[in-house]
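These are the structures in question, set out in turn.
You will see two complexes here that share chain A, one where it goes with chain B and one where it goes with chain C.
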Partner chain A sequence: MKSEEEISRRRGEVSGAVTYEWLTQAEAARFHKDPDNFKPLRASSLVGQQQQRLSDEREGLFSVIDEFNLWRSKPELAEAVAAIKALTAVIQRSEATTMMGLEIDLKKASEALKAWDETSISLSAGCDLFMRYVTRTSALEYEDIVAGKARLIERGEKFGEISLKARQTIALLGKDFVQDGSTILTHGCSRVVLALLKLAASNGKHFHVICTEGRPKNSGVEMANQLLSAKIPVSLIIDSAIAYTMEKVDMVLVGADGVVESGGIINMIGTYQAALVAHSMSKPVYVAAESYKFARMYPLDQRDLPLAPCYVHFPGALPESVIAEVSTRDYTPPKYLTLLFTDLGVLTPSAVSDELIQLYL
Partner chain B sequence: MGAAMPDLQAAVDDFCTKLRRRQVEGSMDTAKFTALLLRQVISHQRIPPSAQASTLIDAVKSVGLRMIDANRLELAIGNVVRRVLHIIREEDASLETDGVTGINLITDSDDENDGYNIAQSGVSAAAVAAANRSALRAPSLHNLLEWIPSSGATTTVGPTITDPEVRSRSSDKNSRSWKLKHSVIEGVNELLNDIENYHSQVAEQALEHIHQNEVILTQGRSRTLLHFLLEARKKRSFQVFICEGAPRYDGHILAKELAEADLQTTVITDSAVFAMISRVNMVIVGAHAVMANGGVIGPVGLHMVALAARRHAVPFVVLTGLHKLCPLYPHNPHVLLNDMRSPSEILDFGDVSDCLDDTTGGPRLRAVNPAFDYVPPELISLFITDSGGHNPSYLYRLVAEYYSPEDFAL
Partner chain C sequence: METRRGARMVIDPKVRQVGFVTPGSELGRPAAPEPPGAAAPVPVVANSPSPVIIPLLLIPDTSSLRTTPLPVPSPPSRRVVAAPPADDSMPLGSYNPSDAILGSSQGSSERTGNNDKHGSAPTDSLADMSLSNASTLAIRLEGLNVTNDGISNVLSTSTVRSAVAAAPTSVEHAFQTSSGQGIIGSVPAVSVDMAAAANPQADPRPMPLKDRTSKAERRAIQEAQRAAKAAAKGVGTDIAAIADGNVANEVKSSKPSSQKKGLSEKKPAVFSDKKPVVSSDKKPVVSSDKKSAEKASEKDKRKDIPAPRMQFDDEQRVAKAKRRSLIEQTEAKNRVELFRHLPQFLHGTQLPSLESKFFHEDPLHPHPSVFQVGLQYLTREIVGGNARCIAMLMAFRDMINDYSTPMEKTLVRDLTAKINSHVSFLITCRPISISMGNAIKFLKTRIASLPVTVSEFEAKHSLILEIDRFIQEKIVFADNEIVKHAVTKIRDGDVLLTHGSSCVVEMILVRAFELGKKFQVVVIDSRPRLEGKGLLRRLLGKGLHCTYTHINAASYAMQGVTRVFLGAASVLSNGTVYSRVGTACVAMVAHALGVPVMICCETYKFHERVQLDSICSNELGDPDALVEVHGRKDVYSLRGWADSKHLHVLNLMYDATPADYVSMIITELGMVPPTSVPVILREYRKVPYVM
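Right, the complex of A and B next:
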C-alpha cells in the first residue's frame, strides 16, 4: 500500500501523538483484519490539520528565506553573516509569548536556512554558533518575555556586528605577515584574503601574488581581476604548476569554507595539494578564516566531508564508462598549516579546538 | 603625585640608561629589575575611586613602554610588563566578582566601541580580537547576574542576592582600591619569586629526563642548564658534549664549571656538531626567548644543532622560564630580533684594515656577527619550564593563561 519509499521519506514524521510508521502499521493491521470494509484512517480532518500546520510553518519559513535573500543581495556580505542577520530579524518578528516558543521559532528558522544550502559549511556553522550564543544567556529564565526578547536581540546584534567586522579584523591582524618584496601564492577566490592583501598593499607593501587557475570553478581569474583593480601585480598559473612555482613563493595564503575541530580546514579542492607542496618545501601556509566558520566536525579522511559536487567540463567527448571526480572541496590536515588568522586572534592549529570549546560550551 | 615620584622617575631613567648601555643584560636580570620597578610604580600610584584598574594600567604601560624602547632586543622586559598588566586585569576582575555586579559589562562594551572605529582611532587589531573573544566566550561567574536592558521591565531577577552589598557600596570604594593595590602587589611579588627561582623549579625535573650513562649535547652557556645538569649529576652519571659557541666561547666556561662538578665533559667546535651528533642521546639547551608559535631564539648556531638533531632523530629539549615566553609571533626573525655585534669578535681589525678601504666603492671585506638564531617549532621536541614539560604546540595555552590579548600590542 504505502510504498517503501514513502515510508522512508516520511519516517519520524509525527501527526497527533503517533508517528507515521505507527499509523501505517495500524492501517495495515486494520486492512488485513477486514479487507472489504477498509476505510483509510487518514481522514480529511487529520490531513487538514497537518496541512494547516505545514502551511503555517511555510508562512513563517518564507519570511526567513526572504529576509536572508534580502541580506544576500549585498555582494560583499558573506552567506553566513546574512543568515545571522536574518535570524536576528526572526527574533524581532517572532510572536511567541514564551521564551521556549521563541527558541522553537529560532530553531525552525535555523533549520530552514540550513536546508536552503546543505553544502555550505559556513552557513550551518554560523547558524549553530548563533543559536548557541544567543540562547546561552540567563535571559531565558526571565519571566518577562519583552525583557528576554530585548536581551536576545541585543546578543544577536552583537554577534552580527562581530561577524560583519570579522573581515576587517582579520585584515588588520594578517597584514603584518606580508613582507615587502615577497611572493604570495593563493588558491581560490576568498574575500577575506582579498581584504587582507588590499590592506597590506594600501599600507605601502610591495608584493607579487600568484593565483592558481582554480578548476573547475575558475576562481583564479576572478581573484586576479580583483587584485589587479587594487594595483597588485598578479600572475596566473594552472593548478598543475603549483610545485613548479613553489620554489619562488614565500608564503601560501588561502581562505577557508570551514575550520574543523582538529584545526584543519575545508576549502576549494586543490588547497590540500598546495599545502602539501608548501610543507615539503618549508613554506608557511596561512589561512584567513572568520570565527563563524568554526564547525563541529572532525573529518578523518577526504570522504568524511559533506558532499559538494559540481559539473566538471572535460574538453572532448567523455566515454560513458569513465567516472569523473566531481567534488569541489578537500580537507587539509592541521600539520600542514602554520597559522590561522581569525577575528579571535592569530591562532596555531592546535589552539583552534580550544577556541571551539570556548565558543560552544 | 607626591615626593616619591621624582625618586621613582630617577630610578626608571637610571634603569633605562643601564639598558641602553647594555650594563644590564640577560633575560633574568632585566626581568627582575623590570618587575621591581613596576612594583614601585604601582605602590606609589594614587588611585582615584573610579576607574581604578585603568589608572594602574596606564601608569604601568607608560613606564613599561619606556623600558621596552631602551632595549628592544630584551623581550623579557616586554614579557614582564605584559604579565603585570595581566595581573592587574585579573585582580580587578576577581574583585568585581566579589563585589557588586552590573558595572563590569560596561568595560565589555567599551572595548567593543573601540573596535567599531578600527579605521579611525587606530586601535590595535589584537585589542579588537580580544574584545570579540570575551564577547563570544561562555558567560563567566561575573556575567551570570546580568544587566537587563531598560525597556521598562522591572529587574526582578538577580538584585535580591546583592542587596546587602548595594548599601555599603560607597564605603566599599576606598577599601576596594586598597584591596586592588594590595592584591596586585602580591601578584607582582609572586612573579618576582618565580623569576628568581625558576632555575630550581626547572632543575627539579632533571632526573626525569637524564638517565644513567647518557650522552648529552649542549651549546653555549646557560645558568638554567648548569643547575639542571648539576641536579642530575647528584644521582646519575653521564657525559656532556659542549659546543664552544663561537665567537664568545661561552662553552669553555661551562665546560670548566661542569668538570669541576665531576662531570665527564668534552668540548667540540660548532662545526663538529654533525660529526658527533650520532653518538648523542639528547640535546639540552637554554633559550634567550620563546615565541608564541613555539619558536626559540637562542645563541647563534643553535639552528644548526637543531637541524642535526632532527636529522639523527635526537630529542631537542629547551629549558626556559615562563618570563621568557613572549606572546608575539616572529614575522621576520632573521631581521627583526637579531643583535649584530661588533665584528672585532670575529676578525681582528689590524689583520684586515687594508681590505676595509672605502675609496674604491665600499669595503670589500665585511664581517657579520649576529648574536641570535631562530629555531622553528618543528625542530623542538620539548620545552621544560618551571610549570612542567610542554609540547611546542601547547604554548598557546600558556600564553593565554599568563597574558591578556589587549596587551599584545603595547
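Right, the complex of A and C next:
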C-alpha cells in the first residue's frame, strides 16, 4: 500500500495534468481551433474550480450537485457531460483507499445527482454510463487504488472529450441527409439539430426549415431565432399545424432528450404526433442524438415515462375543476423513426439496443 | 399461413402449393377463383407454359397424368362436393412412401377396442400435473437458497418426494398406459383446419410399401431441373426463378426435412405438365442414373455440414437410431404428413420397455438418476423448460459424481460419449427442449475444455461446480433478475394477461402482488393440458384477483388488458419466440389490440437458430389428448379415430411467435427488444459457449 501522502501527491499530479489536457481537448473540439484561443475560459474555469475546491476543503464537504451545476452553467455543455465531469471530480476527491470504496463513493454521488433531478434522462444516462465504466474498470482489479483512480479519471475525461465531439460528428454525419432545396420540419429546440442544420447551410445547401411553435416553452421560437441568425430561411407554425404542413415537408428532423432501449426516443411533447403524421405521409423522420443520451429505459407506452411536469399557460380564465395535462415530453416508438444520427454512426432504431447492450452489459 | 398462401396465389396460381400443404389437402386445395367446372385439369396444365423443361429421364407416364389435376385450382366447395377419384391420391402417396414401413410396423391391431381404457389417463394427468408442478417448483425453490452441497440434495429430496407423491398416481398411470399402450399411441395427423383431414381422398389407403425415391434420385431430378433452368434462362419467368430457387435451396441443405422433400417432389406435380412425379412406377427410369448420382450425393453429403437435427422421415437414420436406442418404441401409424420429420411415436409404448430395464446391470445402461429423470419426462411428471433443464443437470451431476474413467480411456472423451448416450436416452423419452440443448452444450464445452493434466477427482469436482453454477446463475438468479425487471412494468390498476403456466410469469405476478401492487390477472388456458389451471390455483392461493378463460375467448378477454406476460421455451435469433402452443395466438390478439406483449425468458434459452414457422421444428404431443375431453365422458365422437385412414390428429406442443408481435423480451440482462436477441447471443455466448 502506498502512503497517504504519496497518494495525495499523485492525485494532485493526475488531476492537474488531466484537467488541463481535457480542457484543451474539449475546447479544441468545440471551436475547432487551436487550444490557445480559449485561454481565458480555461483560466477562469480552473480558477472557479480551484475556488470551489478550496471552499469545499475549508468546509470539509464537497457537493456533487454543486459541481454538476458548475459544469452545467457552461453554455455548450450538455447535462450528461456535466454529470460525468462532476463524477470525475468525485473520484479526484475521494478519500477511499480501495476500489470498492471508491465505487461506493461514486455510487452515492450518482444517486444524489439522479435524485436531484429525477426527470432528466440524459443526467441519469450520463451517471449510469460513467458508473458502468467504473465498474468495468474496477473489474480489471488494479493492484493499487492510485492506478485505478488515474485510470478512472482518464476515462472520465475521455468521455467528456468524446461527448463534446459528438455534436460535431453528428452534424458531419447528418448534413448529407439535408438535400438542396428541401423543406425540413423540426420540433423543439435542439443544439444538435441546430449544429447539423448550420453545418449543412455552411456547406452551401439551400433549404427551408419549418419550426413548430413548441408550446409550452416556446422552444421552437428560440430555434427559429437561432436559425435565422445563421441565415437559414425559417417559417414558424403552431403546433397543431403539423399535419397541415406535412405535405410540403421532405423530412422531419428532431433532437431527443433520451434514446431508449427499444430505439424509440423521448423528446419534447409533440414529437410523437409529428412522427405519426410523418409516418402516415411516408416522410422520413430523423433523430439527431448523442450516444450519451442512450438510456437503459424501455417505456411501453406514454404512461411509462417518468413524469416531467411543467407549468402550462392556458390563455383565458380556467375554472379550478379543469384538469390540465402538464407533461412536457412524450415517447415516440421506434417504428415511426427512420434513422438516428448519433456519434456512433447513423443507426437504425433497432441498432440502439445493440449499442446499449454493448455499453452497459 | 392462409394469407401467405393467398399472396402467392395472386402472383401465380401455379406456385401456390409450394407452401405448407399436406398432400391430402393439395387435392382439394382451393386456389384461384376458378369455377368448379374448370376441373378438367389435364389440358389446362398441358397448356401452361412452364419454363422448366422436363428432364429427359423423367418421362411422364400415367402416374404423372394422374397428378395433373393438382395444379388446377378449385373452389373450396369442390373439396367437399366433388371428391377426386380415389387413384388421384396415388402419386401423392408416393410422396413419402417408405415411411409407411415404419408407420405400419405394429400397434395398429391392438388399437381397436382399447380406446376406453385410456379414458382415465387424462383424468390422472391433471393430478399429475399439479404434482409435478409442485415437485418441480420445489426443485427450483430449493435451488434458490442452497449452495453446492445443498443442491446435491435438491434432486434427491425432491425426487423422493415426487416419487412418493407420484406413486399412487403416476405409477398407476404408467401401468395403465403400458396396458393400454396401443390406444394411447400417438398417431398425430393433420388437424381439422388442415383442410385435408376432411378430404376422404387424402389417404385412401396406407402408404404403399414401395421404395421411396432415394436422395440420389431426388438429387438427379433436381440436377436435371437445374440444368433445365439454365437452359431455359432468359425465357424463364418469375415462376421459374421462384420454383427453381426453391429447389436449389432444398438441394443445398444436406438433409432436407420431410416437408422439403415433399416439396421437391411435389413440385413436379405443381408444374405438372413438364415434371412428372417421381413415383415408384417410375423407379427403373431413375435408377439408371442412380449410381452416378449416388456417388455425387455421397460426395455432397460429406461436403455439407451435418444436419442439425434428426429428421424422422429419413429412413436410414431412423433405423440406425432405432438400433442404438435403448427404448423400443413404435412409430405412429397415421402420421401427419407435414410433420413427418418429427418423431411420432405411439405414446405409451416406451414406458414398459423402460420399466423392464430398470434393474438391468448393463454397462450401457443409463445412470439411475438420468433414468429416473427420463421416466419423469416420459410420464410428464417434470414439465416446464426450467424444471426439465434443472432436473437433467442434476441427473448429470449425479452421473458425473458416480463416474470413474474406464481403463485405457480418457475422461474427456469417455465422459462426452457417456453424456451423448444419456442425452439420446433422454431424447427418446421426450425430445429435449432448446434450453436443455443449450445446457448440454454448455456441459460438453466444459468437459472438452478440461485440461488434460487434471486428475479425475478434480475434473469431476470442477464439472459439478460448473453445473451448480449454471443452475444458480443461468436459471435461479436469472429468474430473480427477470422478476425484478418485470415488476417495474406493472402499475396499479393494470390487468395482466398470461397464457398457460410459466414459472417465471408466476414469480413475477406473485412478487408484484407481494409488493402491494393492485392488479388483476387473466389466465388464458388451452386444451389439452390445461396448464393454466395449476397457475390459477396457485395464484388464487396467494390471494390474487384472477379471471380464467380458454383461448377461444382470447380476443374478448384481451379487451381491457393492459399488459401481456408470456413465458417462452426459447427465443430464436430473429426474435421469434418459440413457446407453448397458443402463445402466438395470444400475442397476435394482443398485438392487434395494441396491448404490449412481454416475453419473459432467461438468456440461456436463447438460440442462434432462425425459425420462421412452427413446422420445421416442433414437438408432437399425444393426439389422443385432443380426442378425449376432460370431464366429458359423453364426448366420444372421435373414439377409434386411429383406425380411420382419413383422419390425422395433430397435437402440437409449441408454436413460433413472430417478433412483430413481441413488444419486449425481459431477460436477466434487462429488457430488450426482440431485435436485440442476436446481440445478446453474440455478446454473451462468446465466453461460456466457446465451442
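Basically, the second predicted complex is superposed on the first by the 296 of 361 C-alpha atoms of A that agree within 3 Å, B and C clash if a C-alpha of one lies under 4 Å from a C-alpha of the other, contacts with A are read in each partner's own complex, and residues count from 1 in each chain.
Convention: a contact is a pair of C-beta atoms (placed from the backbone, for glycine too) under 8 Å apart; a residue touches a chain by one contact, two chains touch by 3 or more.
What you see is a predicted model; the values in this text were computed from it and never measured.
Enquirer: Quick check on the superposed pair: does A:K165 touch chain B, chain C, both, or neither? Answer first, second, both or neither.
Expert: So A:K165 only meets chain B here.
Enquirer: In the overlay, answer first, second, both or neither for which of chain B and chain C A:V64 touches.
Expert: neither
Enquirer: State whether A:R296 touches chain B only (first), chain C only (second), both chains, or neither.
Expert: A:R296 contacts chain C only, not chain B.
Enquirer: More residues of chain A are touched by which chain, chain B or chain C?
Expert: Counting contacted residues of chain A, the larger count belongs to B.
Enquirer: In the overlay, answer first, second, both or neither for which of chain B and chain C A:F177 touches.
Expert: First partner only, chain B.
Enquirer: Check the residue A:S350 against both partner chains and state whether it touches chain B (first), chain C (second), both, or neither.
Expert: both
Enquirer: Check the residue A:Q358 against both partner chains and state whether it touches chain B (first), chain C (second), both, or neither.
Expert: After superposition on chain A, A:Q358 lies in contact with both partners, chain B and chain C.
Enquirer: For A:A275, decide between first (touching chain B), second (touching chain C), both and neither.
Expert: In the superposed model, A:A275 contacts neither chain B nor chain C.
Enquirer: Can you list the residues of chain A that meet both chain B and chain C?
Expert: Common interface on chain A, chain B vs chain C: 350, 354, 358, 361.
Enquirer: Write out the stretch or stretches of chain B touching chain A in their complex.
Expert: 112, 115-116, 118-119, 124-126, 128-130, 132-133, 135-139, 144-146, 148-149, 151-154, 156-157, 292-294, 329, 331-332, 393-394, 396-397, 400, 405
Enquirer: Sort out for me which residues of chain C touch chain A in the complex.
Expert: So the residues of chain C touching chain A come out as 489, 491, 563, 596, 598, 663-664, 669-673, 675-676, 679-680, 683-684.
Enquirer: Within their complex, state which residues of chain A touch chain B.
Expert: Listed in rising order, the residues are 133, 136-139, 141-144, 146-147, 150-151, 154, 158-159, 161-162, 165, 168-169, 172-173, 176-177, 179, 291, 338-339, 342-351, 354-355, 358-359, 361.
Enquirer: Which of the residues in chain A come into contact with chain C in the complex?
Expert: 261-263, 296, 298, 300-301, 303-304, 334, 350, 353-354, 357-358, 360-361
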